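The same subunit A turns up in both complexes below, where it pairs with subunit B and then with subunit C.
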Partner chain A sequence: MATIDYLQALNQALDEELAQDDTLTVFGEDVGAPKGGVFNVTQGLAEKYGDLRVFNTPLSEAEIAGLAIGLGVSGHHAVAEFQFADYILPATNQIISEAARMRYRSQGDWSAPVVFRAPYGGGVGGGFYHSQSTEKVFVGQPGLRVVTPSTVRDAKGLLKSAIRCADPVLFFEHKRLYHSIKTDIDPDEEILTPIDKAQVLRQGTDITVMSYGITLQYVLQAAEELAKSGIQTEVVDIRSLYPLDEATIVAAAKKTGKVLLVNEDNKEGGVLGEISAIISEQALFDLDAPIKRLAGPDSPAMPYAKNLEQAFLVQPDQVKQAMQELAEF
Partner chain B sequence: MKKEMTMPRLGESVTEGTIVDWLVQVGDHVEEYDPICEVQTVKVVAEVPSSFTGTITKVLAATDDTIAVGAPLAEIAVEGAVEESAPAADTATSATSETSAEPATPDPAPVAAAQPAVDSTDAPRFSPAVASLLAKYRLHADDIPATGHQGRLTRQDVENFMAEEVSQPAPAAAHQAASPVPTPTPVQNTGFDGQLPGDIITPGSSVRKAIAAHMSQSKNEIPHGWMMVEQDVSNIVVLRQKEKANFQKREGFKLTYFPFFVKAVAQALAKHPRINSSWQNNMKITHKQVNISIAVAKGDELFVPVIKHADDLSIKGIAAEINRLASAVRNGTATADDMQGGTFTVNNTGSFGSVASMGIINYPQAAIIQIESIRKAIQPTPDGRGFTFADMVNLSLSVDHRLLDGVAAGGFLKDVKKNLAAYGPDSNLY
Partner chain C sequence: MTRKLQESGLTKAQLRVVYAQILRSRRLDERMLQLQRTGKTSFHTSGQGQEIGQAGMAMAFEPGKDYYLPYYRDMTAFMLFGITAKEILMDSFGRYDGPSGHGLQMPNHYAAKRVKAVSQSSTVASQYPVATGIAYGAKLENSDRVTLVTTGDGSTGEGEFHEALNFAGVAKLPVVFVIENNGYAISTPHNEEYAAKSLALRGQGYGIPGVDVDGLDFTATYLAFKEAVTRARKGDGATLINLHVLRMQDHTSDDNQRIYRSKAELAEVKAADPLKTITQQVLDEGIYTQAELADLEKQLKKDINVATDQAEAAPLPDLSVLSQNVFAPVDKESGIYGNN
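The block that comes next holds the complex of A and B.
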């Protein structure tokens, strides 16, 4: 048993899959030796598996995505890294119009079973080119899976499952989770997290809170604190942002009838609105309060100035207060 | 400024009233508290007093309309600063239509329109979860303690309430049985749908519907226990025979047997407070006041006015109250106050010739006693060696068995009997 963080878990997943799958390649900007990625997720892998399997690419996101898709079509598995989720936008056409549509367009003859990794999220003083959440651009595209792990165990298990998945998977990693959460994991245990399931992380009877990314950590912390004053929170890690795990979401919503949805992205037009719609379609008569969303302001992007960055980001005390208010409603 | 007169709440648990007669017309001037219409509720016919001084501008309900409490009855133009301009504008409009001498002042109508007619926020709003639970279990929101924000009833409030109800071994104390509504089993092959050719179908009157609901509630919720005793009341027959002519001359109404029984019961209740009680929301409420409900029939309808503090009254006092209440009910002049506050019911079933009956308790009281017919019977003489004619009466008691057992019922009836036996030819009626 060893204590590892979220980033090490990702590295282990890549290491294990490179070892067991000869067709797998891993590439992106600064991914190869010696840097091993701007955040060091791929550190040591080029040395271990060679620079034909783990290598650097030009600064061209459309090309990175296109290379992955071509490898996928020709029977390989590939993990393409976008250095920041903000950089992914030039590759949008490749990901949505090519990868997501490949099987449909070829009547099932071809597919692109590849993974696009992208670190997202703010709070690192990166300004808006290095801080944005871009998941809302990609959710709701049939043919493309969008997932994000919010625990160390899932960072490993979900990446391994994504690599083995027959569909293209967009894999978001919250960069502030890289070193902030740690778990004991047996290095010999093979962890494969179901790719399309939300997970109940905490059982509760008073309110239900669903989240993903760094805000999920705030939710878990607040749930712990509120439990001391008798408020029991059901906490759901959404995990699969598209397609959404409707069964788990609806069951958790029905359980308490009071639902709070939290994410870091802007409030409008995102994952939370879709979850809210599913709940109101399927659980109306179990609802005891309006479905509440707590999210970033509807301003264009993450500011650079520290104070403005903090003003943009959902804060832990806001999460706790929203949970408290919902419990008292 | 126009004000709206709404249907007032004319007594506890009254939710609607039927307009019997309008006492004013559009254009009439009314002072505050002047009666504007007569309304029949399930309990009384009452006059609705005006809440404002002003002129009736609109009558919003017709005679025989049934109007919910809080719904509009009439519109009254109230005299006051704002109101002054309204008629002025009206006359100005008619005057200027030909002359165009001066432009009409800005229309004051928006001022009136801006007045909210009824404050709709008063009505409680339920979340979908709460609304569906209330409907499913037939619960009344008023019965359930609300703990939510600004007194909102939450889903957990309802679920907690249900959990408590289920854990109670006795039947639920809510308005309705607090269990899921059982699926009705269709009656098979009777070949009778409840109606036959030539049947006359009449909608129940509001009074009849109220009686039906009240009776059902009592029978559904209260496990009735019954007990009947008999008593020789030859002494009362003699006493009444001796006093009745003088009494009628002096008081102007007849002396019946009923006040003797009411007094005997009231005295026994004062001594047995546990009978003078009720079972509400899993709590026993023991009443200090002894307020006797009596049943008064009016045509097809049954009213239950109340003799307040019956234990303080003499035979004459009780007789006068019975006489007053019965006349008020029959004349339709009984007030809401006359109809409420009863703690125990004495029912004069003997007046129909009944000799034994099982009364349905007047919910939420704990018991009801039926005074049956006084009849001539051959009884053994006290020495047991012969027989004599006696005036015998049966007293039938129904008790709420959740609250009262045979011992309590028997002890109470024993004292009623003792009080009846205590009347003698010289007993004072005053």
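The block that comes next holds the complex of A and C.
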């Protein structure tokens, strides 16, 4: 057993897959030696696997995505890093028009089994363009999987599964989880997380809370505290943002009949609305309270000034309060 | 002066194949315009005027070994890679057995797995970055295969064109970038698309050779491509070829070029039809006799009629295709993590 954080788990996943899959390449801006990425996720990999397989690319996001897609199309595997989720936008055409459509438009003749990694999320003093949650731009594109790990175990297991997945996978990593969560993991254990399944992280009978990213940590913490006052929370880690795991979502909603959905992104037009629609369609008569969403305001994410940044972000005490109110409804 | 076909170094037998394919492509193109006008298909993008350049280009590659990312006017080159008129017509009729998209893609989105012609979107220049990935794969495999990618002149204004050239220069990729330059992007003339003296100069800016090639001259085109392919196979990197061709027809069957091209200009284009030039060449050089050409025309007409009937009679995609192959199928045994 060794205690590792979320970022080390990602690095281990890449290391293990590079070792077992000769066709795998890892690249992006500053990803190669000696830096190993601006967050250090790829540190040491170029030294170990050579700079033909782990390398720097020019500042050129559409090219980074297309490079990955071309490798995927011709029988290779690729993990392309976008330095920040904000800068994936110049590559949107490649990801949606090419990667997401490749298998369908050729009915399986061609496919792009590649991973696009993107560090997302705010609270780092990064202003508008180092803080955004850009997942809602990409969810709802048939052919493109969008996932995000919110535990250390999944950081490793979900990235390994994404690399082995035959579909293109957009892999969001919450920046503030990189060093804030740690877990004991047996380095010899092969962890492969199901790519399209939500997971119940905590069983409960009073309320159900579904979330992902840093806000999921707040939910888990509040659930622990509320348990002391007798409120039992069912906590669901959404994990696969597209397609959504309807079965797990609906079962968890029905179990308590009271549902709170939490994310860092803007409230309107995002993943939470879709989850809410699924529950409304399939579990309305099992509900005992309106579905509640707790999310960022519908303003561009997110201002730089500390007070505005904090006001934009969903805070732990807001999560706890919303859970308490729902329990009392 | 157009160079002699025999100066290409190709054998007489090869040149006969090339010419027959050029003529087949022209006659098929005419048929496809007809099918659109009579409402049998919804759309056609003509490649008339670009056939000779495409033939010279295609002959420099090894179909089945080299990858090819075509654009929508590439019917002649696509056929020289080994695709039949019937297959192309099945794509136009939206039939399941069409190799390009099994009925899902619009006409002229040429692709076929068996000759490594990669599926294309309609977003122009989008294939350029993808081509660099395929070329990078050749380096990883230590293979001397080459990747061919084409687009139009107007499309070189897209960022993806430039990003791809830049990386190909940096990584010395075995790729041949082609601009089939017909002087127009729909109705917009080249001087409103770019100010450079020649698009070949774009290569220099990215550290790769850029060459202007007369795409109405088969031999000149073939030899220029052969050099680019040799460079790539040897590991010396990419080449950009600015292939000068003509657009003889409307942009697509939805367009009317008489609105933006003068009568005089259109007459000039018609007079410069490279099919006329190469037909004269095959006669002059004794590659075909007049009588053989007449037979060839007859044979092609018959073949295209049969192909049209067969393609039209082929089945449409089953409705189940609508939701098939969105994601990879589940395959737990092989360990492929499709739907897990």
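Observations
Everything that follows uses one rule, which is that the second predicted complex is superposed on the first by the 329 of 329 C-alpha atoms of A that agree within 3 Å, B and C clash if a C-alpha of one lies under 4 Å from a C-alpha of the other, contacts with A are read in each partner's own complex, and residues count from 1 in each chain.
Definition applied: contacts are C-beta pairs under 8 Å (C-beta built on N, C-alpha and C of every residue); 3 or more make two chains touch, one makes a residue touch a chain.
Computed from a predicted structure; not experimentally measured.
In the superposed model, A:Lys306 makes contact with neither subunit B nor subunit C. By the touch criterion defined above, A:Thr23 reaches subunit C but does not reach subunit B.
In the overlay built on the shared chain, the residue A:Ser161 is in contact with subunit C alone; subunit B does not reach it.
Set against each other, subunit B and subunit C differ in how many residues of subunit A they touch, and the higher count belongs to C. By the touch criterion defined above, A:Lys48 lies against neither subunit B nor subunit C after alignment on the C-alpha atoms of chain A. Looking at the shared chain after the overlay, A:His179 reaches neither subunit B nor subunit C.
On subunit A, the patch touched by subunit B and the patch touched by subunit C do not overlap at any residue. If you check the complex, the residues on subunit C that touch subunit A are 67, 99-102, 104-105, 111, 113, 118-119, 121, 123, 126, 128-137, 139-140, 159-160, 163-164, 166-167, 170, 321, 324-328, 331, 335-340.
Considering their complex, residues 127-132, 148-149, 152, 154-156 of subunit B touch subunit A.
If you check the complex, the residues on subunit A that touch subunit B are 206, 257-258, 284-289, 328-329.
Those residues of subunit A whose C-beta lies close enough to touch subunit C in the complex are 23, 25, 52-53, 57-58, 60, 62-63, 65-76, 78, 90, 93-94, 97-98, 101-111, 113, 142-143, 145, 161, 164-167, 192, 194-197, 243.
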